[in-house]
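Presented below are the structures under discussion, each in the form of structure tokens.
Across the two complexes that follow, subunit A remains constant while its partner is subunit B and subsequently subunit C.
Showing the complex of A and B:
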């Protein structure tokens, strides 16, 4: 267990930053072990005082619940320091030097894609079995440990625990917290983009599908657009415009705009959709395509669950002893 | 510099002299305050329920010195504030909580929030019965509406 006194970090060694949160590379003074220190500054805007930041409470609570696990980033401790008479909170994690995005840039062969997506699904299944929706899965919130060749899911800053231990796959939970719009737009499921109030564990599975495709093709599946309507039309251009038959209620969401309907992406059959997706991800075999299309299903309640995905035929020839 | 480890207090056992009976009336008063103020801020009922859970867990593990009324009021505000931060879309500023018949500084509430977090070892996601009620209502089809519209979830 680490504590504030045992960790030192160098402010110039910034690994990552998002809004006001910054992650530094640090060192444990006793063991010399590298650590990542995420700082959550106290927001003193307009002299308002809200106590401990809700995101900090949620993130630490969730990490306490999920960690340790082989596919979840190891959480060490949280401590508070005094920064110009203001509390500055720190969360200490294990340090991993490589993100999945960097790994994808080096090109992955099909067997590695299979192994890594299996690990990601195992990690996501672990979160989901603990009723935690990650909400910001992308190739930068998944880290890679080079020694063990394992992925570790990180970036739980936007996560949400839904405190129901079973039956959640079929059920939606009302949106609880703002901030989800800060998640990487390329990986956002259509229900987020349509500003649906409901999201569930299956929302993460869309993001996993995007990551799966990204690993197989070596590049982001859906390029990031500046607004949700153009992001949706990007998705529709590959998967076709969803109809009420695919997803009941889709056209009545707040985010549904007339111009989306006017787009000429009305694929008449499922085969055509598969073909368009196949053109984007040519490296995947038949089983892989089937799994991917089940992750990128419009209707959230018909999307494959992480647990079911692990049993998919795509993984039947995977050596599970070498994960 | 301060730290908030997850190690249990060495003298945890000695503190656990269940101040139950001593607090019985005060506890009821605190619960009434939590329910009233939770409703005033438009929180879901489960938020109030969670904060009462924190309140009881904390009291069963810690003792305190000083003025009882102020201390218990501060604890009630801290528990409600923590539960709101876990469950609600928007949590009020500490100064927005209304406390009668004593003056509480926000610094104390903040200190108390930290004390509750440390005592509960940052495990704030205790399972409440409410999602289960909704779940059973859904599967038994007692309510055709969306489960999040049931009165238990408000």
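Showing the complex of A and C:
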């Protein structure tokens, strides 16, 4: 089912594109079911062919492990076609018409925010229980299904499994790092931006926090001009600058020395009352604010986990039968 | 979902095999490669991977991952039809991508052809011609991935070891020894 012969798509029907990856809306010839076809060309970074793109390998491996799940996009198949003598890989997914970003533009009321963030947290908890770090959670990698009113997490091209211990090599962080360079910078946790070598499941929770705030205020929380220093100073201006007491080792990360100190960054003290954050998301109640601040905790090891977040007081009055 | 119906049955019960299956019913056995020969081939590609990995300065986890890829491949394909030097080189290249320790294809090719040349100076002329070897690697990468059906999930013993060492709080020397064994 859903192999190259059974799926057809029209090149003009482009849903999304990023660098050379393109997603088309297609159809299954037999059943007429709508599908999304994502095309990933050969990895040709730096002008040399490097074989199958690692994003394809990650995405297929991880989706095979995670789906089917009610909050994870349904993966159907992957197949390879020839394009100018180079293989062009296609991944077939279920088709979803709307991203969370589009939904946020239509303004969400507080009860919907609560329902959607609960769904997102359930999806993330599912990933984390399979030791998968998503690494690129943002309002465009989360899709929305209008019939069931459910979100589906997609965009696993930068994810990785952390079932074995790993340290990211320094040169890797600077040259290839998909987590640092390719992902949407507005949702990246400070440990990515500071080029820390240790990141884990808790990094996703920062991104979830950013999405949570975005849903509540209707706009991106930390918007900067896509460079890691300005992104960091944007975060620090809202949450205050972390000190060694908040986050042991923070000042020894590569990014801290090279980028912040070199720029003679104007450090502000940490804002314990979270006034600036409250001003950014006035629509959240006390419980919501508490949950958000636990997601946007500087120290990755003190950040709330997805599973714990699901039991937070904020979701006490949520009707979980109607999710 | 297609995977459950179309994939060979072994994917359904994972990658665990009985001793009998490995020793008497591997794909290579059907092509007349004896049990002893296959064991030797297995040793050969593992030591090849270890050295290639060290030349490329790869962490042990990446090397172990490459070995697993090779083992899985030869549980579905025969040694008679797939030269182990090519498959092992591809496994390292792919393991680098999986474990986020990328190495440029050209580096892998250089070290691999150098090693193959040392192993066998007369045969495998094709491997010494870089462009041909490169095409071969790229084709083999697709073969390897489709043979194991993108099933790259594996349990390596390292996490267990790290946790055991942390709980037991052993001497650093012993920890290092133990790490070298797995």
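Operating definition for what follows: the second predicted complex is superposed on the first by the 278 of 323 C-alpha atoms of A that agree within 3 Å, B and C clash if a C-alpha of one lies under 4 Å from a C-alpha of the other, contacts with A are read in each partner's own complex, and residues count from 1 in each chain.
Here, a contact is a pair of C-beta atoms (placed from the backbone, for glycine too) under 8 Å apart; a residue touches a chain by one contact, two chains touch by 3 or more.
Remember, it's a predicted structure, so these values are computed and weren't measured experimentally.
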| item | value |
| --- | --- |
| Subunit B versus subunit C as contact partner of A:60, first or second or both or neither | both |
| First (subunit B), second (subunit C), both or neither touched by A:161 | both |
| Which of subunit B and subunit C A:68 touches, first, second, both or neither | second |
| Which superposed partner A:81 touches (first subunit B, second subunit C, both, neither) | first |
| Partner chain(s) touched by A:323 [first = subunit B, second = subunit C, both, neither] | neither |
| Partner chain(s) touched by A:50 [first = subunit B, second = subunit C, both, neither] | both |
| Residues of subunit A contacting subunit B in one complex and subunit C in the other | 1, 3, 48-52, 54, 57-58, 60-61, 64-65, 77-78, 80, 161, 163-167, 172, 176, 178 |
| Touching residues on subunit B, where the partner in the complex is subunit A | 1-7, 81-82, 85-91, 93-95, 106, 109-110, 113-114, 117, 121-125, 127-128, 131-132, 135, 138-139, 146-148, 153 |
| Contacting residues of subunit C [partner subunit A, same complex] | 1-3, 59, 61, 93-94, 97-102, 104-106, 134, 137-138, 141-142, 145, 150-153, 155-156, 158-159, 162 |
| For the subunit A and subunit B complex, residues of the former touching the latter | 1, 3-5, 48-52, 54, 57-58, 60-62, 64-65, 77-82, 161-167, 171-178 |
| Complex interface listing, subunit A residues touching subunit C | 1-3, 46, 48-52, 54, 57-58, 60-61, 64-65, 67-68, 76-78, 80, 87, 160-161, 163-169, 172, 176, 178 |
